[in-house]
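For clarity, chains are labelled A, B, C and D in written order, and residue numbers in each chain start from 1.
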Amino acid sequence: MDFASDNVTGVAPEIMQAIAAANEPVAAAPYGDDDITQGLDALFSGVFEADCQVFPVATGTAANALSMSVMSPPFGGIYCLANSHSNWDECGAPEFYTGGAKLIPIKGENGKLTRALFDQTIAEQGPAHGVHNVQTAAVTVTQSTEMGTVYAPDEIREICSFARANGLYVHVDGSRFANAVASLGCRPAELTVAAGVDILSFGATKNGAMAAEAVVVFNPELTETLGFRRKRGAHLFSKMRFLSAQLEAYLTDGLWLKLAGHANAMAERLADGLSDVAGVEILFPVEANMIFARFPAALVDELHEAGFWFHHWGDADQPMVRLVTAFNTDPDDVDRFVETAHGAER
Amino acid sequence: MDFASDNVTGVAPEIMQAIAAANEPVAAAPYGDDDITQGLDALFSGVFEADCQVFPVATGTAANALSMSVMSPPFGGIYCLANSHSNWDECGAPEFYTGGAKLIPIKGENGKLTRALFDQTIAEQGPAHGVHNVQTAAVTVTQSTEMGTVYAPDEIREICSFARANGLYVHVDGSRFANAVASLGCRPAELTVAAGVDILSFGATKNGAMAAEAVVVFNPELTETLGFRRKRGAHLFSKMRFLSAQLEAYLTDGLWLKLAGHANAMAERLADGLSDVAGVEILFPVEANMIFARFPAALVDELHEAGFWFHHWGDADQPMVRLVTAFNTDPDDVDRFVETAHGAER
Amino acid sequence: MDFASDNVTGVAPEIMQAIAAANEPVAAAPYGDDDITQGLDALFSGVFEADCQVFPVATGTAANALSMSVMSPPFGGIYCLANSHSNWDECGAPEFYTGGAKLIPIKGENGKLTRALFDQTIAEQGPAHGVHNVQTAAVTVTQSTEMGTVYAPDEIREICSFARANGLYVHVDGSRFANAVASLGCRPAELTVAAGVDILSFGATKNGAMAAEAVVVFNPELTETLGFRRKRGAHLFSKMRFLSAQLEAYLTDGLWLKLAGHANAMAERLADGLSDVAGVEILFPVEANMIFARFPAALVDELHEAGFWFHHWGDADQPMVRLVTAFNTDPDDVDRFVETAHGAER
Amino acid sequence: MDFASDNVTGVAPEIMQAIAAANEPVAAAPYGDDDITQGLDALFSGVFEADCQVFPVATGTAANALSMSVMSPPFGGIYCLANSHSNWDECGAPEFYTGGAKLIPIKGENGKLTRALFDQTIAEQGPAHGVHNVQTAAVTVTQSTEMGTVYAPDEIREICSFARANGLYVHVDGSRFANAVASLGCRPAELTVAAGVDILSFGATKNGAMAAEAVVVFNPELTETLGFRRKRGAHLFSKMRFLSAQLEAYLTDGLWLKLAGHANAMAERLADGLSDVAGVEILFPVEANMIFARFPAALVDELHEAGFWFHHWGDADQPMVRLVTAFNTDPDDVDRFVETAHGAER
């Protein structure tokens, strides 16, 4: 009963079948010249209602770092949230792929960047000094956020409007993009291309794929060097069809939103169940598949003893807890978690 | 009937089954903390009869570039063959991962580096000038070679002896390592750790895996930063078990050598069949699964028309041809190729 | 009458003479094998009362970036003040030289890092995640600070103590190091090697040299690759004697402290004179050669009209003003500045 | 009596005076906003009879590496001579500044690249493979060459014509550019902008400056990021006027050609004198200020004993010798060298 992360999960059956099917031809052109990969641009362009180019890769960090490498020169700066995955959980991959660009970290409360935070950051930086400063080049936001919240289309548009006014590209780290779309019930375009987003790390791995993400490029300026950078980063798969088959299945018949919808529903069920447990404080709106909460230390211990696994850290008496649900979370496990939590009160 | 490359193939059934089996647990620890990955060090240590540490990745270029990144500082030099994959077919991935080390290309005839070639290279470089030159740090050789030949254990030992005398690490690009072992019928250790090799890119993808390679580190000096560099390069898979399961199956019950043995046998059968075709000149000993030959241009055309696919280039009248067999090459296809070639003579 | 920066100044006569004298030999060994350069280690070791190795370079940014390149791996993190020169005024040179390390910016009030700020930063980062995070490797502090304040020996020791406990190297950006030593009247060692500092960017350019800085390495672990990195960064001068002669003259007969003492005295005189000007608020203790203040906008205008040059920014009514004095600031100019400011009140 | 290199020399009196004169203003705008630096574009544009932009730096390696950083992306390739300074004597600075581009070394006889050598190199590389290969981006040639020869305008044009046909930029490493112009007696433009050269490392240091080189950009496409890269490389001097004053004096009243003409004349005098010394074989035409020769080992010893300093290497009996003259070489020293060599015959 693992609520530690959505990356402890395996592969959804539909995606495993697609992988097996991709193995049927005796031979297929390598490095993305196969039929499945060749169809991805059209498939994604349909989903996003706009022409886009798609570069499959196997990890979310690769998608993020490659995206940044085409948005920023080595002497560029990229605004991000301080505790974003790009800034703090990728061991410097964005710096590596950009040739040493500077991620400019901004502290935020609920996982979201806002116009006000940008303004404050720029004011604190003081006046620009030509070649002396890194040249701000891009903004990256995470959708759904690292705090389990979701940017509404308006919020994305506001960020894109700020970016356009300042000559910045906008990247969305969508490692959990499906959860945001499922949560909002909006069209994918509203959160991306129609709002002004230039490039998206479109995640599938955490939501039922084996290892498949896509760099989805809406702004054609950003495609010129991406293929070279992917190869140079050692992320061009010879047997690409097995990556692409995952993405194809993921987007077929709404599988991605079905899986994410389940994960979101499980998080809501869990949050609802915990809402009246004594000493539990849920910290942010539960809008996707993650819950951040303060738990009494004793509750953490009891839940661990009962076989529930999740991360906790910080304050000894009232630790911070992160609970993550997934495409395959069993509702009975959620209910048992809630029952155990209530039982522990007594 | 594709003889273009072994990377046009799919996945061997045993490996596909292993992937499916790895999907059975509802949850597994991510990022390599799963049981399958945890068992790889022991598995490889058994195969190589020596303690080694194993870092699974998904592409051969990643294995090579990461290996080089721990052998050479940014101001280092790495001796390689001019037409090696690392030097000429990875879009500069070794330079990227090392932070700009210099691959020092050496021209060779049959895909092999030799002591004489090193001596000549050093003589041509002239005297060392302290900080002014890049500091030579490593040697990389490809086994089996890009020309379809195989280094004998003696030849590897000679290179390692030169390297040790000059303070250089030795890397083997073993994207087709299984073909060399199968060809020589020797113990894997004889071609690596027992000969003095420090680090090996152990390939499986071209020989029946979906996308799985392993950096196998024999010299413990080289492990310290590898994990960070793999993560930073965006090659640490969250659902690592699916990479590791491929490697596990590949090494189980001698599957890797069975598959490579078949590929080698098919190349031999093809070379034998072509040996008396008029105008065909086979250029190097066919010791693994690749044949380099000169074909009459008309023969190339007839074979293409008959549905055989392979690369050719260079001279218009007598082009260079590369034929690659694989773990799943159908002997009937080989025989048809030979028959067509003979037919074309008439 | 330029109070914009100490880098608008020229060369002190003693240093110009040393350059001319270095030109007298018809030939001298290049790349630092000349006698003057060869004597620098001993000269600096005397000044710092400890064995050190000295690498002359021509810019402060080079000194800082090279220092960081030996303290941090590419996947490392370096704690710094957010508005430090290294973080915000070097166009990413530290990122470039380290191969993409992350400068971890910390907001401080008066130009100083403290133990409390480190603790808060680490708490906000949350728990470490092995290979997922950049590995914190170093701390850099500026002495005298970008805010015109000075770290006392105790404050430096506290930072070094934190660093040692966390496995971090300590770098001092001493582009205005002389001003700090002159201000405190302490021994240079107390602010560096005796306090636990590993490496120092020792500045001379802003304080009377033409273009001369020295990377002074106290911790011998950090010297191994510095020479290669300096050459690779294109900072190894062939006619090095002309760099070294500047440093030699600077340290001879206490010239460096005489020059810095004058600059500091001029800043104090200016601050004293401004202290009772209506609407002027001096923001930080004036401990070196810089004054940060809020001025009424009208005062800024009148001073500019009167021919005084200095930077101002921010709030339109009550802009932030930076005044910098130097080794050659004319006391009459200071007095005229003060008189003009008082005159403007009326 | 030093014939080891032209970098053992000091500063020409005219240049030392210019440095002193630049020190007269009490203050000057920093970072190149001073009057002297502001005049350089016009000054160089006059000399080269074409609009150009000039970026002063202090080392030839900086000029070369920065030039390459704007010609080639990280995944680019730069054709060069194998024993060129850029490829073998800069500790990988071009790789560092380009973010890991590949210098593609070509072996040549007399220090010169030719159309035939390019054709041969490309033929050996085999067919291009899209993203798999580094993308060839530029050519760099050295003028005068590392072998003491000089490219005629026709030879430069031929290279530029090849480059243009292949979409490559052309860089000239002109660390001894003055020697070439003085040798050929041609207009500087004929060797550069009029022939199709995009960017020039214009050297002054080896020919009488203290430490001053200029990146001279003829192709405006290449200027966009150069300022940022110079700053990020830590090569933007705060007191830039002292660099620029050297360049200004160097180009005033033909000083650069007068100094180079002397160096060339001394090399010719030395070569003439040595031409009939038994056992001395001069290897390349002596067209600039360097002589490469084979000397009997005993002759090397006698000359060293007599106090002449120069480099020798290679064959024990018949070592390779390099003799370099300079702007300040004393004709009497040349004559003494020749006399000693003749004396040694006896």
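The rule we apply is simple: a contact is a pair of C-beta atoms (placed from the backbone, for glycine too) under 8 Å apart; a residue touches a chain by one contact, two chains touch by 3 or more.
Please read all numbers here as calculations on a predicted model, not as lab measurements.
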{"item": "Farthest chain (mean CA position) relative to chain B", "value": "C"}
{"item": "Distance between chain centroids, defined by C-alpha means - chain C, chain D (Å)", "value": "34"}
{"item": "Whole-Å gap between the CA centroids of chain A and chain C", "value": "41"}
{"item": "Whole-Å separation of chain centres (CA-atom averages), chain A against chain D", "value": "51"}
{"item": "Shared interface positions of chain A, touching two or more other chains", "value": "31, 74-75, 90-92, 96, 99, 131-132, 228, 231-232, 236"}
{"item": "Category of the chain touch graph - line, ring, star, complete, other", "value": "complete"}
{"item": "Residues of chain B that touch chain A when the two form their complex", "value": "2, 5, 7-11, 16, 19-20, 22-31, 57-62, 64-65, 90-93, 96-97, 205-206, 210-211, 228, 231-239, 242-243, 328, 330"}
{"item": "Interface residues, chain D side, partner chain A - complex", "value": "31, 73-75, 99, 130-132, 135, 225, 227-232, 236"}
{"item": "Parts of chain C lying in touch with chain A, wherever the complex brings them together", "value": "74-75, 82-83, 88-92, 95-96, 98-103, 105, 107, 123-127, 129, 131-134, 313-314"}
